[in-house]
Amino acid sequence: MNLTHDFSPTPEVDLASGKYVKIWHGPQHPGITGNMSLELTLCGDEIVNCKTHVGYLHRGFEKLMERRTYIQNFPLVCRIAVPEPTFNEYLYSAGIEDLAGIEVPELAKWLRCLNLELMRLGSFLMWLGGASGAFGMSTVYQWTVTHRDYILDLFEEMTGARIYHMYISPGGVRAPLPDGFKDRCLMVMKKVEKLLYEVETTVLNNAVFKKRAIGLGVISSDMVDAYGVTGPNQRAAGYARDTRKDSPYLVYEQLDFDVITATGSDAFDRTIVRYQEMHQCVSLIRQMLDRMPTDGAFHTPTPNVLHWKIPAGETYVKAECTRGEYGYYIETDGSEYVRRVHIRGPSYTHAIAVMEKLVIGANIADVAGLMVSLHTYPPEIER
Amino acid sequence: MDIWISKIGYYFLNVGIVLVYGLLLGAFIAKTMARVQGRIGIPIYQPFIDILKTFTKRQAISHGIMFNLGPAFRLAGGLGTLAFIPVIYGNEMFSNFSAAGDLLLVMYFIFFGQLGMALGSGESGHPYAAMGIGRGLAQMTAYEVPFTLAVVAIFIQYDTSSITEIVAAQQGSIWNWTLFTNPLAVIAAMIAFLGMAAYPPFDVAMAPNEIPIGPPTEFHSHFLSMMQMNRAIFAGAKLILFMNLFFGGATGLIELVFKTWAIYMVAILVGAAFPRFRTEQAVRFFLGVPMLIGIASVLYIQYWAQ
Amino acid sequence: MTDKNDYPTLANADLIDAERSLFCDARPVPYEPYPVDFVEKFANWVRANSLWVLAFGTGCGAIELNPLMTSRFDANRYGIQMRPTPRQSCVIVVAGYSSVKTLKRIIRSYEQMQGPKFVLGLGICSLNGGMYWDSYNTIKRIDQYIPIDLYVTGCMPRPEALLAGFIELKDKIKAGQCDGTNRYVKDFDWYKANQKKVIKNWDMPDYNW
Amino acid sequence: MIEALKQRLSEHFQLTNLTIKNAGLAFLWVEKHELEMLLRQLRDFEGYTHLSFIIASDHIEKNQFKLTYMLHNYDTKHDLGVHVDISRVNASMHSIHPLWAQAWTYQRELKEMYGIDFPESPRVDEDFCLEGWDDMPPMRRDFDTVKYCEEHFDDRDGRATEENRQTMKVNIYPERGE
């Protein structure tokens, strides 16, 4: 695998010749995911060079966390990836528990897992809307974003907040499930499943969508390791790798699911993989609601958070988020403050190195579709 | 002389009616689209407010003389198209300047507005505007082919190029409509109409997720309000033209409203359910089956029907 | 109309010579309301009922703009719609914190919008820095850099709060209290000084027409 | 498994330390000049084909940066963190961009956030997150972000900013404070 990134700006690009035009695709652009930009050099409709620019959302989280106590970091972490805050909460808590040697009660594990899967489903629904919107289907965008709202309602009931839940705290979770949550959750799952079948008819079986998405942005199989591609992007290239299966965390060992793969590795296959993973999410949520213990402790008491000192050490915890491997590297030095936290977001390589490689030679019309098919969230790149 | 003054007066009356009707239709269509998406959608009077708002903006940056003229050309294209289309058949008030050969003029005016727009947004200097023009004109030349073939078939069928006479020939019974006497031409023309209406899958020119939003990117304030007005008039004129050519025209206002609405719904329902073609895919699409249908309609009318 | 000579030209001192000729150097000019009171009131009513929002997700608040525009909350009912180009929009929503890099783009987009234009500050972090008060890369008060008409506070504000904010903004516009465009022109030098203090590499003209 | 790996690696490299965190995670230390060869060995012969991230952490008390290269082996499901200590003065490190195609992005970030130079790494001098930054690299521990904020951004009148811990002790948990 000697596949290195091509850094050289294409030599024949002479902007003064009038043959090329340079445009900024974003940050103020509806076809870009979040707040980032692509600096594209075009020859006609074809892209000859691309540079990604990130950092529009840089808040310096890693710096801020070094000067806050462990518990003060807890409301901070969920702001890192806006559409998917719970993965941050879980991984930060898991890392702290690993370093401090805290054991999490059984019920908390189930609740965490349920929370993560609901988040995954909500995030995928948002993505599905974005993906069809990028190809010009605003109808499906409206449907899916609305159905995501039903899931946000469940979150509101479960955690008290729509977007930033602050539910999975170090030591367990903040609250048990409210009464009757199971029924309402199953009702929403039914709705979502119905929507998914409608989406299948309107998007996945749509001739125009197929015409545009098939063959767009192929990630070749040797690119996967060379570029650190993870998650559905990797599974669409035929690799059956899923952190939930490979190194199971929480209660995934007890749940019944398969790793979904495809072979085409283009925008269409990535859509298919994510579509099937949404069905998988629904199935996992149903399984969890059935098998979940109904009572028990949901939180282990932690030391007094005001002077909670964690012994020196380092750890790396990771989970499979919607986009791939999401990881927290935490280093402690025995004081009340964390020494170093690093958040490894899958978008880091997907949106920069992979995007710059795939977009060369693509049509300007396909940039939005290609970008969305990689499923990137800028806030986790720049943190 | 008097007849010309009254004709001009009637023409402006027509423009007013079609403008109001076009705006209402636009709002109605937006509401239909919203219903498909599960929303309530805009109030029915929203397009009027939007036009007034863009008109009452206080700042307006100009990029040059052609930039100023672009929306004017566009509006002229819309007004010119309407000028030669009889809105309601058999009514002196609504017949406009319809005369022999007006169909050719109308087809020219459909093109004229786009070209004027191209000049204007070319000077705005925005790369997306230039790209949008390229895309729009490419797609337009493509959908003009099946449309022109359908119109040629109609020329042959009715042996005239006057819209009034074409409508006259379709009167009497529903079976006299071109829809039934020459269905191939209608199919070709309706596919071309999808491209003309610029809803998905043929909205490459404006494509909000790709080149937001194409030619009008830099237009604002009263330039934009002129373009909004033109969009309403042009949509109305096109619908009336299609109704006249293929669906037997209208003899009263209610018939007009119903028929144009039904024709527009075709574009809307297709638009609500499809993603967008790329430019070259759209061009290839129009030059494929629709063009063959168009040719078939000409051959059919020339050799079989008579 | 005000005489143009009252407003000397801008220096554009940070541009290189070759680029200076490409940009306009005229100072922005304040506008006068319509002479007839009735017309002005009507114009304000019209403006309030047709709010076109610039589709620019400047921060995490943008996540709640999606539900706002879709079926659940459907802001279209109130004449609010997204517009992808700054030229045609009249409201910019500063969605939460703005990093220095984004602030530059916000200013550019804001100046390209045509007046009367309104700014909605969303989230506590646009108001006073919020939880990023000690971050080296986020500004604390957006109203030092562009004139704000209304804040919707919270982290994260719910779509209902946002909708209520828009309706409040409508009332303010109808009452003729949203004169941000003129305030910006009047205190132009103060705003520019603040902006240039934060944005280190100012490689754009002083006013982006 | 990891012991066997250590055996194999020790034949060619001077591994200074190895900590086994749990069954799926281990960290090892290596000298600066041996890093590139070690990573190549791990990638090509030991199956650690996936580079998760490259980061630095600032150990100002030892006057060192600790670089961490986190690798993953998909076959054994094992994570291996490779640590390298480099001097904090004129910090510079060999670039590994020929090994992994996304490595240059991390190196660009490290250059901006810590001031660690990676000669030959492409586009390493371009801005990554910050734009026109002219202060000390912000992630260094001696960079005081509060001071920087006070100098550059103005507080809104009436906002009282207190040190986090103090606030929590006094206002939020008065009964639990010391």
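We just call them A, B, C and D in the order they show up, numbering each chain from 1.
Assume contacts are C-beta pairs under 8 Å (C-beta built on N, C-alpha and C of every residue); 3 or more make two chains touch, one makes a residue touch a chain.
None of these values were measured; they are calculated from a predicted model.
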Counting C-beta pairs in contact, does C-D beat B-C or the other way around? B-C
Mind checking the centre-to-centre distance between subunit B and subunit D? Centres are C-alpha means, answer in whole Å. 61
Please work out the Cα centroid separation of subunit C and subunit D, and write it as a whole number of Å. 39
On a C-alpha centroid basis, what's the spacing between subunit B and subunit C, in Å? 36
If you average the CA atoms of subunit A and of subunit C, how far apart do the two points sit, in angstrom? 31
Per-residue overlap in subunit C, given as positions that touch at least 2 other chains: 55, 70-71, 84, 101, 134-138
Out of subunit D, which residues touch more than one other chain, so two or more? 129-131, 138, 143, 145-146
What parts of subunit A, by residue number, touch at least two of the other chains? 29-30, 55, 58, 60, 63-64, 67, 142-143, 146
Every touching pair of chains is listed here as A-B, A-C, A-D, B-C, C-D
Quick one: which bits of subunit C touch subunit B in the complex? Just the residue numbers, please. 31, 43, 46-47, 49-50, 55, 70-71, 74, 76-77, 79, 81, 84-85, 87-88, 90, 114-116, 181, 209
Where on subunit B is subunit C touching in the complex? 34, 37-43, 46, 49-50, 52-54, 56-61, 208, 212-213, 216-221, 224
Subunit D contacts subunit C in the complex at 129-134, 138, 143, 145-146, 148-149, 152-156, 159, 161
Per the touch rule, the subunit A residues reaching subunit B in their complex are 21, 23, 29-31, 45, 132-139, 142-143, 146, 202-203, 206, 208-209, 211-212, 363-368
Of all residues in subunit C, which touch subunit A in the complex? 54-60, 62-64, 66-67, 70-72, 82, 84, 86, 97, 99, 101-102, 105, 109, 131-132, 134-138, 155-156, 158
